[in-house]
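Below: a set of structures, written as structure tokens.
Both complexes below contain subunit A, partnered by subunit B and then by subunit C.
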Partner chain A sequence: MSPAVRKALIYLAIAVTAFIFVAPLWWAILSSFRPNDAIFRDLFPFTPRALLPEPFTLDAYVAIFQRGFGSIIANTLLVAGLTTVLGLIVNALAGYAFALFEFPGKSAVLGVVVVSFMLPFEAIAMPLYSVVSQLGWIDHVAALVVPSVANGLAVFLFYQFFQQVPKDYYEAARLEGAGWLRILWSVYVPLSLPTCISAGLMLFIFQWEAFLWPLLAMPAQQFKVIQVGMAAFQDQYTTAWNQLFGAAVITALIPMLLLIPLQRYYVQGLAGSGIKG
Partner chain B sequence: MSGPEQHQQKWEPVLRPELRESKKKEHVGEPEFAGRALNLKGLRKAFGPTEIISGVDLEIADGELVVFVGPSGCGKSTLLRLIAGLESVSAGEILIGGRDVTRVDPAKRGVAMVFQSYALFPHMTVRQNMGFGMRVNRVPKAEAAERLEKAAALLQLTELLDRKPAQLSGGQRQRVAIGRAIVRDPQVFLFDEPLSNLDAELRVQMRAELAALHARLGATMIYVTHDQVEAMTLADRIVVLRAGKVEQVGAPLHLYDDPDNLFVAGFLGSPRMNFLTAEVQPSGQLRPEGTKVDLPSPIPGLRPGRRVVIGCRPENVELGDGPLEAKVKTVEQLGNSTFVHMDCANTTIAAELHQRWGTQGDTTLRLTLPTAKTQLFDAETSLRIRE
Partner chain C sequence: MNRSPITLLVLTLAPALLGLAIFRAYPIGLAFYESLYTTVAGERTFVGLGNYADLITDAGFWKSLRVTLWFNLIINPLQVALALALALMFVQKLPGMAVFRLLFLIPIGISLPVAVIIWRIVLLPEGFLNGALGIVGLGPYRFLTSPDFALYSIIGIATWKGISYWMIFLVGGLQNIPQEINEAARLEGASAWQRLWLVTLPLLRPTLLFVLVADITINFLLFAPVFMLTGGGPRGSTNVLMYEAYKSGFVFGDMGRAMAIVVCLVAMLLVIVAIQFRLLSSAPSKEAC
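Right after this comes the complex of A and B.
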């Protein structure tokens, strides 16, 4: 086989693989721009027109916002935003304590933290429901925010980063008269921006993708978040496919818009410290 | 160090006395006590069962520059950290300006420390780094700016105030770290191997700058190093430490000329002092091991059979005629001097010559250790034998 043919075959294989992965996504995006009755028209039997945006309409987007999807997005942004802000404060403080202070049982507690992020959420959903219910938080925003604030993985990220910061910084600041909270705020936090961004995005996306817990904790469905809201486009008898795809596109787009500009820091934060002398 | 001239040269603390009195107690780092002398009394530090500092007693006078020197792991940095308050004391007392600070918070001891790594906050500019302590302690802005400008001018940092540490050379970073200490106007400056991250040339330059700074500030300074050249050139007094204990304290040349024991004798000087183990003969003369030569003893009346160590600095070894036979191993030509390393009496002897010397290896020659320039140590206790 000549090198040219070989190369062509490799490219063909790559193109087919890419098509297999990208086609469903592309089709989903296109479907959000079609009338509901035209969605499956060119799919069975398949014609290439299935991959072209025609007929083109924004009806689905208009309809989902008329059905109150805007407030669902706002609700989710509120929950995810609150979780991110509170989560950064709580998890950074915990990571800082683990990294800098010696206290009895430190390694045992750290072990529990590490194990906690390996547990699937489903395993703690029912005990958590019982706790939240006893606190009277069912159908309250606190039920969505508070249990998600403390996150083992975020604590571990901060712990790992703060441990790598030379201890001399802490000691130099101590000698200058700064208390531990001031040292965290003035020295450690500015150095840990990539970690803050990674942990923040993680907490945000965790809430953005949450489905089971909001469903359990908000049974009255007065305050819906995005994943639960999306499920409402599909009911027992009819499915508004174009609206469902439209909602899915918006749902995917918002975290992507956050992630793309912060991607560099996100990778840096997960990869390591980047502190230089 | 003290005296009226010295006081006139001193760098004036920027904080005026009347302001100092009006400041709240929480405003740390400003000397509330006039004296800047430091006293260590029976200081001990143990990590678990391991004792790192075993009973250090030391008095450091106001304005003195004292260098702690010793091999790695001798506890010199730990001792400095105890004084700074970064480590807790197991037993003993630390007094600064007559005040017992043993259990006082590091920030309230009136000490400022320059770290080996400089510990400059990388996200802050030079100005922010130097002013960090004053911001923390809420020093009024105008006063803080004045102190900062003055310290920056003293250290030639004015042009660099808006740069970040990453944009500075090693020497400049070093000066910023010193500047951060100076603006606090501490009673005692602590330096933890501050020059060890610099290249050889810069080290010499910074050494001279530090000496000049000490002369100008007249401040009490404690300087930790493992580099004996730094110790010899900077110190008013050197404290030689080994395994957490003070071996000897004294002026650099005093320690060099008159060491109390084999460790101090061997630690100061490069190449180190030559040591020949010998036995006192019935005639009172000394016979080095592995030879049949008797050398005159610098100290008469030693008990025959006693094992001693003869110490002689390389610059005092005389080549040419002499009772001892030596075989040349290596010759190091430094341009202005020559080091000749020889095998002699089961050991290696180094000689320093202030001339060029072109002998090849394997040459056998004779040498003398001039009696007046040798010192005797007890081979068992390692202590100096004095008349």
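Right after this comes the complex of A and C.
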């Protein structure tokens, strides 16, 4: 095979793959701008007009927000924001302790932390329901936030980063009389901003995408978060196709707005989780 | 300022470790404990391993286990192979690749429930895919309501959403392979295909193993697509164990049976995680880093 033919074949494969990734999304986006009775137009027989947003209308988005999707977004931002802030504090503190202090049984405890993040949250969602109902938190926001704050992966990321900071920094700051909390805040945290961003993104996206746990923990559905809200929307308005697409587009858009500019840090964080292997 | 290191340690470690103990470790213990009880008409009675014994003779459980294993037997090799193909495309140096790379990453930002909603409409008999297949005279197919197709449609949706994520790890692994090794093989006259099988894949082995096992743990617990699309049907063809446990506990109120199933699932997963540690620590691990 000549190099030119090979290159062309690789290009073709890449283009076809990209098309498979993008086509359903593109159809969803443009359909969210169509009136509901025009969604399936131009498909049988298939014409290229099926890939254009016409006729164009914002009706779907207006209807979604009239049906309370705005408060669902606000709820989710609250839960994800709280988890991110609390999670950064709690997990950074633990990572700091693991990196700076020696104590008996340290490697065993670290091992348990690592195993805890290799077992996905879904595995314990149902028994967690029993724990949270013993605490009386069912249908309270605390049920969504508190169990997700301590995160083994985030602890591990901070531990890994803080370990690489030369101990001299700590010793020097100590000699100048700074307390441990002050050292963490004014020496370690400024150095670890990339780690803070990757851990923060991870905590935020985890909450934004949570489905099974909020489904179990909030049975009254008074306080809905976005993935569950969307699924309920799907049950309720089965054939409001353009609104379903609109809800899906909004739900995907918000993490994308964070991920696209901060992509580098997210990938770094993921790569960090692979290192321990 | 004058706290002893012990107080310091406790103060810094306690919040995270307590959180992990209460919300990660304790639920696993509690699941086992509750699996030893049964609730009949509001009365909790101790039945020992009775729930497990019931599972062994329960045809519904075995069918669900079969669906789960079959599902995993297909989806995991498929996802790893496609993620690898995607990673190999991702690292190509061709004009315009920056745009394609961004497109490859898009599904990462999409949650599984969003992917499910979009695909449910795409896969309708009157939807986009059947329209596109109509160009070449195929279909229309009932992708989600036929027992022959439903499980494979779920596999397709989860794969579409999942492989970009796994691709990232494999791209990292590929970039850690020194260029000189490939170059040397090329000068020795190895074809691109030979270089892939004899140089790249052996060096990528630790990363591939990590991705395979991490992928299995996710897919063993797959829930959202079954819940949102098929409810385990048609005719039980998509009734994976995770959904069976959910139905048991939260629809039929039989928490004992639900917890027994969860314990079985977690036990299977722990075995898989243990195997991962084994395989990865015995592998030449330089490339994993």
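Following the convention adopted for this analysis, the second predicted complex is superposed on the first by the 244 of 277 C-alpha atoms of A that agree within 3 Å, B and C clash if a C-alpha of one lies under 4 Å from a C-alpha of the other, contacts with A are read in each partner's own complex, and residues count from 1 in each chain.
By definition in this document, a residue touches a chain if its C-beta (ideal position, glycine included) is under 8 Å from a C-beta of that chain, and two chains touch if they have at least 3 such contacts.
Nothing here was measured: the structure is a model prediction, and the numbers come from that model.
Asker: Following superposition onto subunit A, is the placement of subunit B relative to subunit C best described as a clash or a fit?
Answerer: The answer is fit.
Asker: Counting only touches as set out at the top, which of subunit B and subunit C does A:191 meet: first, second, both, neither?
Answerer: The answer is first: A:191 touches subunit B but not subunit C.
Asker: Check the residue A:227 against both partner chains and state whether it touches subunit B (first), subunit C (second), both, or neither.
Answerer: After superposing on A, A:227 lies in contact with subunit C but is clear of subunit B.
Asker: I'd like to know which partner A:172 touches here: subunit B for first, subunit C for second, both or neither.
Answerer: In the superposition, A:172 touches subunit B alone.
Asker: Examine A:5 and indicate which partner it touches, taking first as subunit B and second as subunit C; both and neither are also allowed.
Answerer: A:5: touches no partner chain.
Asker: Looking at subunit A, which partner touches more of its residues: subunit C or subunit B?
Answerer: Comparing subunit B with subunit C, the partner touching more subunit A residues is C.
Asker: Which of the two partners, first being subunit B and second being subunit C, lies in contact with A:108: first, second, both, or neither?
Answerer: neither
Asker: Put simply, what angle do subunit B and subunit C open at subunit A, by C-alpha centres, to the nearest 10°?
Answerer: About 100 degrees between subunit B and subunit C, seen from subunit A.
Asker: State the minimum pairwise Cα distance, in Å, between subunit B and subunit C in the overlaid complexes.
Answerer: After superposing on chain A, subunit B and subunit C come no closer than 8 Å at C-alpha.
Asker: Shared contact residues on subunit A, subunit B side and subunit C side combined as an intersection?
Answerer: Residues 177, 275, 277 of subunit A touch both subunit B and subunit C.
Asker: Quick one: in the complex, what on subunit A touches subunit B?
Answerer: Per the stated touch rule, the residues are 166, 168-169, 171-178, 182, 186-187, 190-191, 275-277.
Asker: Please name which positions on subunit B make contact with subunit A in the complex.
Answerer: 28-29, 84-86, 106-108, 111-113, 115-119, 121-123, 132-133, 136-137, 165-166, 180, 184
Asker: Quick one: in the complex, what on subunit A touches subunit C?
Answerer: Against subunit C, subunit A makes touches at 6-7, 10-11, 13-15, 17-18, 20-25, 27-28, 31, 39-40, 42-46, 50, 89-91, 93-94, 96-98, 101, 103, 109, 112-113, 115-116, 118-120, 122-124, 126-131, 146-150, 152, 155, 177, 179-180, 208-209, 211-212, 215-216, 227, 230-231, 234, 241, 244-245, 247-248, 251-252, 255-256, 259-260, 263, 267, 270-271, 274-275, 277.
Asker: Using the touch definition from the top, list the residues of subunit C that touch subunit A in their complex.
Answerer: Within the complex, subunit C contacts subunit A at residues 1, 3, 5, 8-9, 11-13, 15-20, 22-28, 30-31, 34, 86, 89, 92, 94, 97, 100, 103-114, 117-122, 124, 126-128, 130-132, 134-135, 160, 164-165, 168-169, 172, 192, 206-207, 209-210, 214, 217-218, 221, 223-224, 227-228, 242, 245-246, 249-250, 255, 258-259, 262, 265-266, 269-270, 273, 276, 280, 285, 288-289.
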